[in-house]
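Please go over the structures that come below.
Here chain A shows up in two complexes: once beside chain B, once beside chain C.
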Partner chain A sequence: MPTLTIDGQQVTVSKGATIMQAAEALGIYIPRYCYHPGLRVAGSCRMCLVEIEKAPKLDIACYRQAAEGMVVHTTTEPVKLARQSILEFLLSNHPLDCPVCDQSGECDLQNFYMEFGLYQSRFLENKIKRRKAFPIGRHVMLDNERCILCSRCVRFCEEVSRSHELGIVNRGDRSEIALREGSQLDNEYSGNVIDICPVGALTEREFRFQCRVWYLNRAASVCPGCSRGCNIELHYNVNRPHQSGGKRVLRLKPRFNAEVNKWWMCDEGRYGFEFIDAPSRLQDFEIRTAQRTVVASREQAVQTLSDWIGDSIDRHGSQSLGIFLSPKLSNEDLYGIGKFARHVGIDCLDFRNPSERPGYQDDFLIQADKNPNTRGCLELGLYRRSEDSGGWMAGEIQRGKVRVLIVFLQDLALAPEFQQVLGRLERLVFVGSNRNGTAEIASLVVPSATYAEKDGSFTNFEGRAQRFERAVVPLGSAVAEADLVASVAVSFGMQREEFERERLLSDLRREYPFFDQEALNPPELEWVYQTPIGQERL
Partner chain B sequence: MMEKILSRHFFNAEARKLSFYLNDGGYEAARNALTQMTPQQVADQVIRSNLRGLGGAGFPAGRKWSFIPKDSPNPRYLVVNCDESEPGTFKDRHILEWTPHSLLEGIIIAAYAIGASQCFIYTRGEYLHYARMLQAALDEACQAGFFGKNIWGTGFDLDVLIHLGAGAYICGEESALLESLEGKKGWPRLRPPFPAVSGLFGCPTIINNTETLSYIPAIIRYGGSWFAGLGTPQNGGLRLYSVSGHVKNPGVYELPLGTPLREIIYTHAGGIRQGRKLKAVIPGGSSTPVLRADEIDVRMDFDSLAAIGSLLGSAGIIVMDESTCLVKALAVLAKFYHHESCGQCTPCREGTGWMARILNRILDGQGVRDDLENLLRVAGNIRGTTICALGDAAAMPVFSFITKFRDEFESHVLQGRCLASK
Partner chain C sequence: MSRPKDAMNRLRDPEALSFWQRTYVPEILRGLKLTAAHFFRNLLIHIFHLAGLWKDRRGAETVQYPEEVRGYSPRLRSLHRLTKRDDGSPRCVACMMCETICPARCIYIVATEHPDPNIEKRPASFDIDLGKCVFCGFCVEVCPEDAIRMDTHILNFAAYSRQEMVWDINRLLSNEPQRVEGIGEIRKVK
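Up next is the complex of A and B:
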């Protein structure tokens, strides 16, 4: 446990900790390019050179271990000069094409130049020409002129994805990032190299030229792509819709969580957000009769739904109602729906779509269960324990027991069991964000908000309940599922306040001790390095 | 007492045969070491000899061996640095060509001293011809039972593998050499750990230069004190000086450490060709700071050269007479370091190319007033900020050439005129 002094402040760190880590513990930021906490130390960019008293020359903070009594300076003239000169070297052959570079605004060449550079260039030579803007995989573009050879992407492919597609070829200033012969950067985690690239060398093909990053807002969220529940940021643009063709959510970025996903996320999750602004989004309440489909107001739809539920209970009892939930619903929505179901006596509940098969799984992040909240459904007990799947409900419909079925999100029309029997229902209600086969045949369609459009939480496969926050407003007339249920529930003597989202969460945590987890505290966006001119990086 | 050790039989093709070497008392020192001495006794003799690392760094050879951790469960390796890539240096080549058994015997003794049963000789691809000579000598020595299992019945095993690199300067840097030997790209490693603790394949490794090891048989045979007495204090014995450039008799000369540079150039190498005047000398391979003609009364040992701001390095003496344009000479060196920078760390990767381009521009008559200050500044920004010594090696000639021959550079920059006599 050495104790050292950095810039006059003492700190005690664990044995083996580097100066970089010790400085971080003190909140002292040492600029870096090649260093990334999730990767092996390369020590090659030399940006983190610091002065260590009694050492013959500057040393790199990312590699040098803290030692007892060590005195480190990070702001002295030699250090400032070293940072300037490293920047000058890195920028000497850099094309400075910031105006057409997607990284602009979140580029550590720009940021560090403004904070540690600000020198007058004395480089008069011709810059080295290299290959620009060519795809190296499904999602990633490479610009070798912008590359500063920090080797983060190479190390990611060696150590994290372990797919070994990238390398640095040639020597000296002819060095460049290249694909291994005959390969493409198409591993399951390829998008992460874009995140860790500190400059504009690796950019995202999907995001290219969609939006300047300083127009983006950020929201802390949780990936709904599988049951891992990777912590993510939603980056969205609402103020300048012309920049991105009306799309609001433009990209997802992983958000650090030491226990869940560290710094990473998979491509499947990263590019799985298209549905949020897709043309298939349901935006209106629709009431469908045999003859025609009409767009209804929210009040009409709620009234209709309340009438159907009340009518069915009156005529056939609450056993005549079925609710097919979805493991894509948040804990709050599930809890609200379940609360209403209990209130009116509906016990015909399940969420397990019999047509769903386990998907691809690996030994890193990707889980076979492609739903973010299966565990939440299980913990809330919203299924029939004696059955292996939700197919039993088809039998209830077949026998004429269930007459009104409310389906959340799922496409039951895909399941052979249900295909046969959905036509027998008196009323089929579909609540969901995107149009599907079930919505096509439903007598009432309710547009619901996606995870990007509401606050909530998912419970991952390990039982960790994690909150996500709203980024954008629900599209069109879409409502959060629990809000819809709240509107209906008031007709059945319940209080609307019971369905407010914070109340749902606090009731849930009280009623189910399982959910009383620290992870459910409000999420915070990670500290992001800021330039001194007071502009946020995003 | 004899005054030559390794060079006694240079240019005698018979001398590379085992029978000749045995007649000369060869492998007696190794046999003696293995059968009569403990590893520590061997190391003590080498420490006493003041033998320094003759690859260029000059680190005391015996002390280097002592850095091997005593408690490591891993195998130990001896690696011979025979990359000899420093421009102006061709001494190791002579050893491979004329007295390969000196190296092989030195390997046996050193491996015994450090407890290594596997030795790798890393030599540059361009030395294919000499590597074959070494292999032939190794084959003979193996047949004679000097390598393999249970050497001389002592229970000591030793195998040697000769590995040819692809000819990169950086692979003479010991940690890049290890990377290359492991089959990776020749990129220097961060230190610590040093190779003695974690070297080849993560195992304790001693890397010695070819010439260093080749002197060890004589040290064991005649004693460390004898060898030490041949040189100057702290600079034991003899070494091979490679003399090239504008001298009458370029070649390899085996002389005591501490021999004055003037004596080497004028007595042994025959003086400057065509009666011209001496202008500059690079004393220890292209990376070492250049000396003016009035600085050659220096003794050629590690400490004396360091005292006047240069380095003995690999003792590759490059002699330049008055017809040499030192701007062009520096541009040639800068081109070399630009070409050979491995590209791993920023200052050297970007700085070597930058310096080379400035110098070429000056030679093209496009120099600007700021160029010399800028060159010194860029070299200063490379020096001391890189992972390995290549950055320093590229920077040192720039400093020394420009500061010592400033008038020549200013003439090129400001008047576009070369001061070298034609």
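Up next is the complex of A and C:
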């Protein structure tokens, strides 16, 4: 356990820790390009040079191990001069495309240059020309001129995705990043190279020119793409809607969580946000009769729903009501719905869509269960334990027992069991964010808010409940599911306050000790990126 | 009576004024004399003008805008234009610097791909809402490509609706720079 001094502060680190890690522990930031905490040390960029007393020359902090009694300086003149020289060297062949470069605003070449740059160019030679702006995979664009050869992307493909697509070819100032002969960068995790590339050499094809990054705001969230629940940041543009054609959520970035996803996320999750601003979003309450569909106000819709529920209970008892939940609902929404169901005595509940098949799975992040909150549904017990799929509810409808069915998000019309019987229902209510086959035939359609539009939490497959926060306002008249239930529940003698977000969460934690978890405390935003991008400023 | 050099200081400090100055009467009369002299001079010159004489002498110093204009200074910030490459396409690369700096938030740019990867980016649309513009010229200063300038010397672009005050990329590209000549000279507009 060596103890060392960095910039006058003492710190004790575990044996084998580097100066970089020791500095990090003290909250001292040492500029770096090639070093990434999730990758092997390369020690190639020399940006992290620091002064160590009694050492003959400057040494790199990312590789040099901390030793007992070491005295390190990170802000002295020799260190600043070294940084300046490294930057001058990196810029000697750099195109300075900043006006057209998607990275500008979150580029470490820009950032460090602002701090340590030389500003007066001494370069008279011609810059080396290379291939610019060409796709190297489904999601990634490469610009060889902008690359500073830090090799982060190469190491990522070797160590994390283990797909070995990238390498550095040629020598000297002709070195450049290239794809392995005949391959494309299209592994399941390719998007991460965009995040770790410190400059604009690797940029995102989907995000390309959609918005300048300093207009983006961000919210801490959890990826709803599979039951891993990778921690993410939602980057959204509400400052300059014209730039991205009105689309609000523009990209997802992984958020560091040592226990869940570290620094990474998969491509399927990364690009799975399109539905938030898709044309298929439901924006109005719709009441459908055999003849026509009318757009209703929220009050009308809530009244209608309350009437149908009340009427069905009066005539056939609460057994005549069924609720088909979704493992894409948050814990709070599920709990709120469950609370109401218990209050009026509905016990015909399930969430397991019989038409759903397990998807692709690997041994890293991707889980076969493509729902973010299956575990939450299970822990809340919102299903019939004696059955192993939700198909039994089709039988109940068939037998005429269930007459009014409320479906959340799921497309039951896809499941053969349900296809036959949905027509037999007296009322079919669909609550969901996007239009699907079930919404088409429902007699009442309620637009609901997506995970980007409300606060909540998902429980991942390991049982870790994780909070996500609201980024944008619900589109059109969309409402969060628990809010809808709250409005209905008041007609059945419940208090609206019981359905407030924080109340739901605290009740949930009290009633189900399983949910009393650290991770449910409000998320602390610990940004993966050094550069804080514009918050509300512009 | 010669004008004292430090007249302003003296006015701020009444003690420094002489007795007659403190009564204001002589000063008011002096001002009236100046105005009246111009009045009668201009009246006389206008009468001669009517008679077709003394045409080379101005009746009054007032510039009769819009019949007359003065030659604008090259630094005048007038209606924007977008500069062009040799092939006539906009120089603008949609970097959004001007949109970002604009204090009136009146520039609206949508970026898109340029077919040439060495240029990479171009504006799909570029609108300036002149109804909001405060003519600060920041957009010109900030542009890294010299793609936007305010040297058209066009000042009369008033319109009948707010929508017409929004100039799109084609209108901005069609504006031409104005050659500067005779700064301050008064010219008749034909």
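Throughout what follows, the second predicted complex is superposed on the first by the 524 of 538 C-alpha atoms of A that agree within 3 Å, B and C clash if a C-alpha of one lies under 4 Å from a C-alpha of the other, contacts with A are read in each partner's own complex, and residues count from 1 in each chain.
Basically, contacts are C-beta pairs under 8 Å (C-beta built on N, C-alpha and C of every residue); 3 or more make two chains touch, one makes a residue touch a chain.
From a predicted model like this one, the values you see are computed outputs, not experimental measurements.
After superposition onto chain A, the modelled positions of chain B and chain C are compatible, with room for both.
Vectors from the Cα centre of chain A to those of chain B and chain C enclose 90° in the overlay, to the nearest 10.
In the superposition on chain A, contact of A:Arg315 is made with neither chain B nor chain C.
Of the two partner chains placed around the shared chain by superposition, chain B is the only one that A:Ile86 touches, whereas chain C remains out of contact.
Applying the stated contact rule after C-alpha superposition, one finds that A:Trp214 touches chain C and leaves chain B untouched. Using the contact criterion defined above for the overlaid structures, shared-chain residue A:Gln243 touches chain C, although it does not reach chain B. In the superposed model, A:Lys132 lies in contact with chain C only, and not with chain B. Here chain B and chain C are compared by how many residues of chain A each touches, and B touches more. When both complexes are overlaid on chain A, the residue A:His164 reaches neither chain B nor chain C. Least inter-chain distance for chain B and chain C in the combined superposition, rounded to the nearest angstrom, is 22, based on C-alpha atoms.
Overlap of the chain B and chain C interfaces on chain A comprises no residues.
Here chain A touches chain C in the complex through residues 97-100, 131-134, 208-209, 212, 214, 240, 242-243, 245, 538, going by the rule given at the top.
Residues of chain C that touch chain A in their complex: 93-97, 99-100, 108-113, 117-121, 144-145. Residues of chain B touching chain A in their complex: 168, 170, 185, 190, 338-347, 349-354, 357-358, 361, 368, 370, 374, 377, 381, 384-387.
For chain A in complex with chain B, the residues that touch the partner chain are 41, 43-47, 49, 57-58, 63, 81-82, 85-86, 88-90, 92-93, 122-126, 128, 148-149, 168, 170-175.
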